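The chains carry the letters A, B and C, assigned in the order they are written, with residues numbered from 1 in each.
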Amino acid sequence: MLKHRVIPCVLLKNWQLVKSIHFDSFRTIGHPTSTARIYNSRNVDELIVLDIDASLNNEEINTEIITDIANECFMPLTIGGGIKTIDDIYKVLNAGADKVAINSKALKDLDFIKQASSIFGSQCIVCSIDVKKIDGKYKVFTKKDGILDINPLELAKKYQEYGAGEILLTSIDNEGSTKGYDLELIKLFKDELEIPIILNGGMGEPHHAVEAIQNGADAVAAAYIFHFSQYTPNDIKKELVKCNIDSRIIDN
Amino acid sequence: MKICTNCVMPSTKPDLHFNEDGVCDACQSQKSKNSEIDWKKREEEFLNLIKQYKVHPDYDCVIGVSGGKDSTYQVIKVLELGLNPLCICFEPTIPTEIGRKNLENLNNLGVDLIHIKRNPVVYKKLAKEAFIRTGDNEWQNHLGIFTTVPKFAVNFNIPLIIWGESPQIEYGGPATSKTRNTLDRQWLEEFGGLLGNRISDMVGVDGLSKKDLSLYTYASDEDIHRVGVTGLFLGYYFKWDLREVVKKSKEHGFSVQDRPVETTYENFENLDCYSNHLHDYLKYVKYGFGRATDNACLDIRLGYIKREEGVRLVNKYDGIPPKKAIKEYLNYTGFTQEEFNKIVDSYTNKRIFKRDENGKFLRDIDGSLVRKEEFIVK
Amino acid sequence: MLNNQIVIIDYNMGNLRSVQKAFEKVGCDAVITNNHKIIKNASKVVLPGVGAFKDGMKNLEELGLIDILNEEVLENKKPFLGICLGMQLIASKSYENGETDGLGWVDAEVVKFDFTDYDKKLKIPHVGWNNVSYKNNNLLFDGIANNSDFYFVHSYYFKTNVDIVTSTTDYGFDFVSSVNKNNIYAFQFHPEKSQTAGLKLIENFVNINGEL
């Protein structure tokens, strides 16, 4: 059976890998090369790296670091951050990425997703949605424009319609909190989409992954737990298997 | 790249924050050490705390030692406070003559010392893989110190561990770390410099089994809890001044080198291990600052030198490859110069250092990397 | 002139560097090219690819690669490794966005996953790690445990005769995850993205006819 994936999701800032807390403050995770090497040696399912210098500061996409990271990875690599044109996607894929994650551009231009998925294939296009809860309702959030009056589920459905292959759903409220994923949020998405959803933001211990998947996530993404706690990716997967959720475990 | 307006630490240091005046948080932390902290109160706190730990019939605490200036000072301080420590030395990777001499000296201060002669075959495998995988050739040594000391505390039923300076208080770090007075497993995982690599990730490397790595595996939560193991930072309770530490240690027989230690201008740090000099050099290639910068910043913060002098020292001493240390390291590990260079290159910072049109790093006559104009320390 | 090299066909369909890197990791210098001369002198041929079937066939045609592939693989019987789209292209036809003819090297059709009649609506594309169950002792699975996980990412799958099927994978039903017909080896999953198991498979391919 298809296994549920556990995916480290880290940010690239100033040529270093960091994680964020509520998108506000950052903590260093480490050197891109060593982090990628460690993940590869741990046989993680995939790796997602989001270049926040490119997305927030409008800097050039850092293809050098992407290549350095890709050179260490024998598992799929998704790169996001600052992708605005078809050319950007070519650049990122040629640098070694397998998939691209698109956020702000997708919000402004659905046709871009259509175009990108028809050129590169849907399986290559991950649409990234950041969410905040305001007055009991979930709204889409961007760092640049703040809260937008857009329903995340409606947006995800649109992305699906326009050819996205996967959705990366991040809860800004839970991110960096280590208190667990936003289960109410993922419940809204359960069985609503045909394409896979990767839930991101909040994992502090292995059981959080179980909860997320039981409530509708196809895969989970995390950062804190792999760098600042004693848990390894295998610990999380073992917990999944213990709770009858198919997961890929490689024991050395 | 920004440089602190007070000391000379660059913004390329991970997790370093600057205030509106451009002063880094390590300087701010140091300032609060001098003004905001009531050291008398903290000393009282410490004396009160340790009362409850004087439960063991023979030993009052455990101290991890290397024979270096810090551990010598810790032992002196602890003896002055009337405690009887059990000292644990997790041997350095490539011990030096002067290091051994200083360890003897520490022993002669009048303490029981357990000198761990770990399995050298296992250790070397870890050392080589750690260097390749994390870019930190001392990863396994940090881990070894932080796991063996609690292990012995558990085995001897001694609840109190006394560590030295809190690295985050002295050198800056994430906000949550500076108010930490204790070192426990969570601290190790978060701030211990493990770089995301865990000992379990090393199982299988060159045939290493879980059993081979038991020395590096942290004691179980049950055991820690049962014994009530607590690790306190001496540097949280007593104001830590680098030069005071050296002075006091020297007064008690600590020897320094007759010339500067490789990679810096000082002659009293990292005397006990060649591999450590390489570690400092790797910090430089990754982040653009090394031991000389660390020393200069501390000297500035403690008021021993002015910033201009710090800039001069950094530009003169930082980043020079430690030839002797590298030679010893190649000898120890068996890496060829070529293999070694390839690994170091993979960690060298492309943003800071110049490369030629083929992407090869430029180097000076002495082998130092060449900094791009905007990254030169001024 | 590059002689006796393993060639990775460059027809503008996807990340070829990953494939090349995987060959490098197992100690083999594979060259990325669409140069006819180099392909003619190749020892083995690798056709990777992600993207649409139509685009794949169109690009192969425009680059004049169809005839040369037919010659080198079907006539000269050079060992061939097809990955993902590269596997699908060897079929007779695909039903992705209309009907498109494939290379026709095996009697097969490429159709889309459809779970409308299923109780559980599985997600499409099929993305992630899944077991690969091989039936017989196929050369390329040598040294790889049965039911190992490999990485899949596709919305279409291969329908063909049992006799050339070398492994199946369960995704709602048992679909074909690899085939082998004489010198042609093709895999729906990505060995270059499947870490240890994948690298072993690539190593096995490199070792066919004892070349390394």
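Things to note:
Keep in mind that, in the parts below, contacts are C-beta pairs under 8 Å (C-beta built on N, C-alpha and C of every residue); 3 or more make two chains touch, one makes a residue touch a chain.
Quick caveat, the model's predicted, so the values are computed rather than measured.
Averaging C-alpha coordinates per chain and comparing to chain A, the farthest chain turns out to be B. With centres computed from Cα atoms alone, the innermost chain of the structure is A.
For the pair chain A and chain C, the distance between C-alpha centroids works out to 28 Å.
One simple way to say how far apart two chains are is to compare their mean CA positions; for chain B and chain C this gives 50 Å. Centre-to-centre spacing of chain A and chain B amounts to 34 Å, using the average Cα coordinate of each chain.
For chain A in complex with chain B, the residues that touch the partner chain are 14-16, 27-31, 33-35, 37-38, 41-42, 64-65, 68, 226-230, 232, 234, 252.
On the side of chain C, the complex with chain A involves touching residues 14-15, 17-18, 21-22, 25, 50-52, 55, 121-131, 149, 151-155, 170-171, 190, 192-196, 198-199.
Interface residues of chain B, counted against chain A in their complex, comprise 11-12, 14-15, 132-136, 174, 185-186, 189-190, 195-198, 200-201, 203-204, 218, 286, 346-347, 349-351. For chain A in complex with chain C, the touching residues are 1-5, 40, 43, 45, 70-71, 74-76, 93-94, 96-98, 118-124, 165-166, 191, 193-196, 218-219, 248, 250.
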